[in-house]
Structures are given as C-alpha cells and as structure tokens.
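Reviewing the structure listed below.
Think of it as A, B and C in the order they're written, each chain with its own count starting at 1.
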C-alpha cells in the first residue's frame, strides 16, 4: 500500500479567510455607527456655528417667532424665503398627523388579520392570507405613493368632499397600507409562538376556540403585538416616498386631517436636492435626519427587546 | 369492571374480583367506553377499546410509552379533537350520554370532565386569575362567587395556605410542584365530575409527587379520577382500578390489587413485574 | 398536619354555592371582525394591483421596454431606467452578498449566540433594518459622496472638478447595499441553522479545517438560502427611491451609465419624477402606468422566485427530519 502524503495546509490562507469573515461581520455594526457619526457630523454646526445659529438656533426652530416687525408671531417652515424660517413645529405636527392616521388605519387591519390568520383561518385560507401579505410587503413604497397620488386621493376627495386632494388622510391611509404587513407579521408570529400547552389548558377548562384565542393566546402574545405596533409606528414616521407623493407637502399648523401636511422625511427628500452644500438649510435637514435616526433607533431597540423577552418567556415555558 | 374481549364482541368478560375486593356490589359507573378506535391520519393507535370507569374511584391507565394510554385519556373529554388529522369511532358515555353525539358544544363536556396535564401549564396571569379562568369563560360574572370558588378550589388542592395573601402574584412565581397543584385547583374550580390526569407528577421531585398523590387520595372521595402513569408504584398506591394498555389495545383491566398480584394475562404479568416497559 | 385541614375543606364542598354555567356564544363577533380585516386587506391589494394592471397593460410593448423616453416623457419608452435599475442592483449584489453571507457565517459558526459580540451585531442588524430609507440617503451623501468620494478627489484628482465626489451609480449601489444587508444576513442565517451538526463534524473528523468546512460543506448547503436572500435584497433594492435620490439617480440622461462614477436613470425615481413634476399629467399617464407596472412585475417576479426557493428549502428540511 502506498503511503499517502498530505499537503500541509496553508496557514496563511486559513488566517486571511478567517479574518475576512470576522471583519465582514462587523460591517453592520460599523454601518450603524457611521450612519450616526456622519449624520450627526453634518447636524453639529447648528449647535456651534454662530452664523448658522442666527437663522436656526434652538429657539428659532422650536419657539414662536416674530419674523417681520409688527406682525403676528408664528411657527413657520420657509427655508427659502428672504427671511429663512426654520420652525420644526409644522413638520413635527405633520409627521405625527400622517403617522397617527396610518396607525388608526393599520392597527385594526394588521392585528385583526393576524388574529384571524393565527386563530381562525382554515389551512386553505391561511394559504391565501400569508402570500397576500407578503405581496403587500413587496410593493415598493413609490408605487403605493403613486397609487395614493393618482387614485386614492381623487376617491377620498369625491367621497368626503374635501377641499384639498392631497392631505394627511390620503397620505396616512397609504402609509397605513405600507405598515399593515409589519404589524401583521410581528403580531402573527407572537401569537403562533404561544405554546400549545396553554391552549390545551384553556380548552380543558371548557373554553371554546374563540375564547381560547381571546382570553389566553391574545393576552400571552400582547407584548409581541404591542412591539409590532411600535415597529409599525417607527416605519410610519420614517417612510418617505409615500408622504412625499401623497401628502401635498404644505408646512402648515392645523389639526384637521383634511389639510395638507409636510413630514420630516418628505422635507429632507424634497429639499436636499436644492440646498447649497454647507449652508444653514443643509445642516437643518441633517438635523432632521438625525432626529429621525434617533427616533427609529430607540423604537427599534425597544421593540427588539420586548420581542426577545417574549420569545424567551414563551419558549422557556415549553421545555 | 368490564372489559370487552377484543376477538369476541359478544362475550363480555367480568374481571371484577368477586369476594376479596371489598367493594360494595352497588358501585355505580360514571363513564363507559365502547368499541373505541382512534386514528392519527391513516395510522390506527387505539383498537376496539371498551372500558368502564367507576364513580368516585381512581382508575389508573398503565402501559409502556406509546401504548395509547394518553391518547385514550384525551378521548374522554374530546381533547383529541384539537389535534388536526385525527378521527375516531365508537362510543364514550358520560352518565349514559354519548359525549360525541349528545352535546352540541364540546367545551361543555370539558366543564364536566376536567383535565390536568403532564407539564404544569399555568397561564401567564396571576394565581387568582388562573383559578378564576374556567369560571370566566363559562359565563360566571358574580365577583363574590368567583372569589369564594377560587378560595375553595385552592383549599381543595391543598395550596391555599401557601398562596393566601399573594393571589395577585404571577403564577410563575410558584415552584414546579405548586404550579401543578395550581393547575389542579384550576381544574377543580369549574367543579367537574370527572378529573383526567395525564402523568401529573412525572415532571416533579419526590416530595412534590408525594403531595400530589396525597391530594389524589383526598379527591377520590368526591370525584371520579382517571390517571395515566407509567410509574407502577404510583398506580398501586393511588388507584382502585387499573387498566393495562399495550400497543393500542386494552390488554387487561380490573381491581388494582388483582392486576398487580394476580394478573390474568401473560403480557400484564410481564409488564407489572418489570420484564419490559 | 395539612391533612386535617384538607379534610375539613373537602367536607366543606357543600357550602360552596352551585355554579350555573351559561351557554357560550359561537364567537361570531370576533370571527367576523377579524375576517373583515382580512377581507379589507385582500380587497385593497386587489384594487391596487387591478388598477395598475389595467392602467399599464396597454402601454407595455417591446418598443416601450427598449426605447428611451421622448418628448419630455410623453412618448417613447423606459429602457434607460430599466438598464439603470439592473446595473444598480447588480453592483449592489456584488457588494452586499459576500458581506451578508460572511456575517451570517460568523454569527452561526464562529460565536456562541449569547456572547456579547453576537448580541451587539444582532442589535445592529435589527436596527439597520429599521433606519428610515431617507436617512440612508443622507448617509450616502455625507459619507460616500462627500467623505469617500471627496477624499479620493482631493488625493488623486486635485486639479479637476469632482470626479468621484459627486452622485454616481457606485455610491447609490453601496448605499442600497447597506440598506439590504439585513435581508441577506437573516436569510442566510436561516439556511445555516438547518444544516445538521453531523455534517460539520464529519468534515472536521476527516481533517478539514474550519475554513475548508465552511467553503466546501456549509456554503454549498446554504446556497438556496443565500440565493433567496440575494433575490429578496434585489427586489427590495429595486423598489427603493429615497436612498438614491441624492446619491446618483438622475431625472433624464441622454446616455447609459458606462462607468462607476456615472449617474443613472432608475425606474422608481422615474415614477416619482413623472408623477410629481410633469407639467401635463394626463399626457404622461399611460407612460407612467406602464413604468409602474414594469417595476411591479420586476419586484413581484423576483419575490415569487425567492418564496419558491424558500418553500422548497423548508420542505426539504422537513423531509430530512
């Protein structure tokens, strides 16, 4: 029998390969840090640069201003006017209005459909619902924005007799369509991971199937459903193309959903292309981006923690 | 106790020991199972089971793992129906009524035939809400009544002294043995006539097991109990009657003393003497 | 002893008033309400798809797919936008797939799920998936164009105008790569989790190193998952507009992008521009609908393929057990 002689393995190649893998693994972490650093970097001058502070100090961005002598003081966002006005309040109200309409629309639909799919749906019905939701999730937001702009807006205007075709309600409903899949997926996942032993316990105590769902599964999965709603809200606040196309983009202060709104995200999208690199307006837009980033970061972290805890608790119980 | 012979449906074999059992002849039966077959999909797991369950007595179901004893237990309160892809034939009578035909709502049977599971499975709610759950889903709204019944159930399950004053704590704060007794209290709260127990002590330590067995000893006075166990000493300790299952068939049933001392069938003898299992 | 106590309790049973259970409802209301939610979702989906299908069907033709726009978008086709989109996602895939796969391998093969590095990376991935797409756009502008591109320009092309420090297809695709990174990682991880331990141990037992095991055993086994992740990433990337608005997409270009630092036209951006900036919306409407339909068909066909591969993968896993 011949003696086999194995080639000794290349130490160097092994080393380089392993390093490549571990370095790649930190890309995601590095990206998050870089996103924060670079958006923060461009927002910083607002707090330190005296020239920029003249038009966009914290006071001017947050408080009522008397822009012209003798005229009524107000909050306005008019970055390109002769006297640039950078009040964030109209944008804040606009963002909140659109997001709240979206939540009002999406929570009942998303949670309701999730309950039906997890608890009541026959196998055949389930095979229709899940792909339909996946399809919904796959629609690019620019397409939803397009639909809201061309079809939904005219429909709403005719049915409700609105003055403005593009308004908070129109944008909010389209936004709601975009977040239904998020709420559905997270909520459904939470409900299906409720262990069967809990369902058995409830059934054995004489609960009917729908009682099992509403009194046992739903309360047990509640943190997950809540997390889904919070994640959906985060997405609604950050979503750009839909509101940019469907909201009308008027930066006004009003509480009516029939009025046009301008959101934080849409403001960045609409104005960044036209700003002069490095001037006040440019930095304010990055400040808005920073606010969006921090907000969604907190929301996602919170949702994440709730979901991990819930999974641990529910799965710890099954073993 | 009656067992219908597998091969001959006409001949009904009485396995009740006549003189030495010490049982009054007037003993009544609570449930009667006749000709029960059960299938998971195409696989038959129970074959032509007929068994009589005595009123206010403990009936133990023994046999090696996979012999069908747990499946059989679940047919007694229609819990088997919650598993998709199963089907059954035969009759299960509760006080003479077929639970599969004479009741529109399967959940109403489960208020009369309660169940305790192998793994304690309290709801992620407070101790109080766990016990009150069965009352709430069955339409009891009177707060005072619910409070009384919760206290009574916890007393019956010998848990009251350990949890009084902390009824609002989460059920998960209890130890494993306490959780299982909580599950028994929860089952008792809806005042079932029959209690099914699926290896209620198999996940517990010896001390907790002893407590559960004591409890069964107390409860037998008021309830008809059917208990699945693969601990033969336990069966001998707690039960009045024993039924031995093997490979989906009911091999032999009778008074516990007789099954363990003078089994009629070779298989039973092999099992109770520990030759397999 | 508690035994005594128990006995008194048992005998006190009669003292407890009898329970009278009420018959239960059939749950028509919860069933009906939740089913209504499902119906509304299905209906909305049908309306959106139907509207776009009907509106766009008439426009799509070979001409439309292969010709550039004419007469200020009122005629002609969308070929440059299709070309730009495809080029964009190809560059994106080249960047995102290796990084995503390596990250997944690192998380599954190199570290324990409880170690703090793993947790930190996982938190980063989850958060990356939640960063608003417009913030990616800002980041692309601030980091890739101003910092990286601008840096290259000051180092190598100090005499000329901006060469790399300007919106370009490379910066847009890298921005999108970061945005779709979580998609690839999650999908690959799912595939890695299905690979049985024995397979790894078999390779180690024969003297394979960890890298050899990964390269020859694990990656081939995880290929369907990697493929699924890549396709989903492409589908997601092809539909995103906000991140590329400032990093490279152009409203109209008379030429196709040929170099990495060229700008490009893109389907989603094209839709946005036509829908919001057109002076004569009625005249552009057919073209607009046609473009939307092309984008939808592109993303949906990619998604269907991904779902198909994934369900096959899951089925084979069930079969193996």
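Just so we're on the same page, a contact is a pair of C-beta atoms (placed from the backbone, for glycine too) under 8 Å apart; a residue touches a chain by one contact, two chains touch by 3 or more.
Owing to the predicted nature of the structure, the values given are computational and were not obtained by experimental measurement.
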Chain contact topology (line, ring, star, complete or other): complete
A-B or A-C - the one linked by more C-beta pairs in contact: A-C
Euclidean distance of C-alpha centroids - chain A vs chain B, Å: 51
Whole-Å gap separating chain A and chain C, where each centre is the average of the chain's CA atoms: 15
Multi-chain contact sites of chain B, meaning residues that touch two or more partners: 105, 107-108, 111, 137-138, 190
Multi-partner residues of chain C (at least 2 other chains): 21, 24
Residues of chain A engaged with two or more neighbouring chains: 206, 208, 211
Residues of chain A touching chain B in the complex: 195, 197-208, 211, 215-216, 219-220, 313, 317
Residues of chain C touching chain A in the complex: 21, 24, 26-27, 30-31, 33-38, 40-42, 44-45, 48, 51-52, 98-99, 102-103, 105-107, 110, 120-121, 123-139, 141-143, 147, 178, 181-182, 185, 207, 209-212, 214-215, 235, 238-242, 245-246, 268-269, 271-272, 275-276, 285, 288, 292, 295-296, 299-300, 303, 307
Chain B residues within the chain C interface of the complex: 105, 107-108, 111, 135, 137-140, 145, 148-149, 152, 155-156, 158, 160-161, 190-191, 214-215, 218-219, 221-222
In the complex with chain A, residue positions of chain B that touch it: 77, 79, 82, 105, 107-108, 110-111, 114-115, 117, 119, 121-125, 133-134, 136-138, 183, 186-187, 190
Complex contact set, residues of chain C against chain B: 2-3, 5-7, 9-10, 12-13, 16-17, 19, 21-24
